[in-house]
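Let me begin by handing over the structure; questions about it come next.
Lettered A, B, C and D in written order, each chain numbered from 1.
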């Protein structure tokens, strides 16, 4: 799983990469003085949100059409710690898209470009009854770029 | 607002007091080394959950009947800090109940009984369309004890 | 407490108002489909962070000098709900500053300027031993604007 | 990574398994009506906390001796959703312990024993300066059971 190791800058090659930047909030730190590891899982999600928003079909719109993306897997590697007030950027790209599933990959970097966390998340498309269903065509078209 | 000051142990007098105990989770602390102030707002909610559960009609059941309790006000006073692994108890009682609104009061105490936080929250009953509606009779009967 | 009621736009008059805008994250919503009330407490904190950053002395710098601002009180009124993906703005201003305490006031508004939440928080300055101490002069000078 | 798949009940065989039970808090749910996937990462941590507490050396005590366990990897698989008020149990065991690193494995189950989430986390022991160091002997002795 190369992307997760964050050692291969080629993984995102030729793919659309959405970038989201923000300051670390105090509530996201813990008694160790650094950002709590679960906070990054929320950052990843915000990276996906930005990705969908930038591609022209927000996740809010996705839900409005009766779909939901359930998270089936999260795999994150923590390389360096971040602290309160630091400005971070989540880089998110679509690693794989199938008829009913999606895989996103991510790097969370600091202002100097150092990779703090690399991650991969997998998702399955479900309908309002929780049944697995096909991804909308608009989302599937993202596979081509 | 005496109850919020936590200086008057009489506030809960004659009322049903629900107690919920748990250990502080590491994720609930912040870089100051203590429990983050927003974490207590979640503790209060868990206090209300326990209250409803102990009175025989859980909040999950409340929602299943098409109602929801929207929070309209939170007022919390922070007197002493708590730390990771510490065992806390939320004491929650119904301060006031009207046809469509509820007021809960709380004390969060440590194992020695020291009041760390005192708080009051107000709520309004809404239906699935978000319209204000009357509280179910089962909940209103709690006013009598 | 007029500012909390959000009915008096004069409260911030003549004061420096810091504005922080962001999208609601999915993790900040709850099963009611709206932003969880504790999430706003974190938004308020981010409003204070921006305030300090914009005034030229970030809270990170404040801590680096051996001080901390403990939260002694939070009072929030919830007027309208927000949802995932919505863009919110926290408006934060200094309501009062004394030698050892600070009071901030806030309005959280949507893109149309509708006030969703109004709030007030109180803080006390402590040193690394947790002893109450005097606010640094740089922060106290904010009182004049 | 069999343990993560939660298909092999043998993984914990012969190992000490710590169990932590609690009700899902409302704040831990999201607009999809289910527990947010980042909340489980916090549940895992509480599972580790209980593990250490039950083995006789709490993580608070670990930190008091100048050590910290930094999270280097989280891998979670989400099999079934949980909802507000549901009672969950985290089962946590030590999968591997070396001189400076630890691997914990987990299953989060509902009251019927259905595995909702299976996970693995990796940690490295650091000192107060953030330097990698050797795990205390008391923790390393856990390897034998």
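Simple rule for what comes next: a residue touches a chain if its C-beta (ideal position, glycine included) is under 8 Å from a C-beta of that chain, and two chains touch if they have at least 3 such contacts.
Just so we're clear, the structure is a prediction, and the values are computed from it rather than from any experiment.
Asks: Tell me, which chains sit next to both subunit C and subunit D?
Replies: The shared contacts of subunit C and subunit D, listed by label, come to A, B.
Asks: Go through B-C and A-B and name the pair with more C-beta contacts between its chains.
Replies: B-C
Asks: Name the chain whose C-alpha centroid is most distant from the C-alpha centroid of subunit A.
Replies: The most remote chain is B.
Asks: Roughly how far is subunit B from subunit D, centre to centre by C-alpha average, rounded to an integer in Å?
Replies: So the centroids are 28 Å from each other.
Asks: Would you mind pulling out the distance in Å between where the CA atoms of subunit B average out and where those of subunit C do?
Replies: About 23 Å separates the centre of subunit B from that of subunit C.
Asks: Could you work out how far the Cα centre of subunit A sits from that of subunit B, in whole Å?
Replies: Roughly 35 Å separates the two chain centres.
Asks: Could you pull out the residues of subunit D that touch at least 2 other chains?
Replies: 26-27, 31, 38, 42, 45, 63, 83-84 - these are the residues of subunit D that touch more than one other chain.
Asks: What residues of subunit D sit close enough to touch subunit C in their complex?
Replies: Per the stated touch rule, the residues are 26-27, 29-31, 33-34, 36, 38, 83-84.
Asks: Can you name the residues of subunit A that touch subunit D in the complex?
Replies: Touching subunit D: residues 31-32, 37-38, 41-42, 45, 63, 68, 70-78, 81, 130 of subunit A.
Asks: List the residues on subunit B that touch subunit D in their complex, please.
Replies: Residue list for subunit B touching subunit D: 22-23, 25-27, 42, 45-46, 49, 53, 58-60, 63, 83-85.
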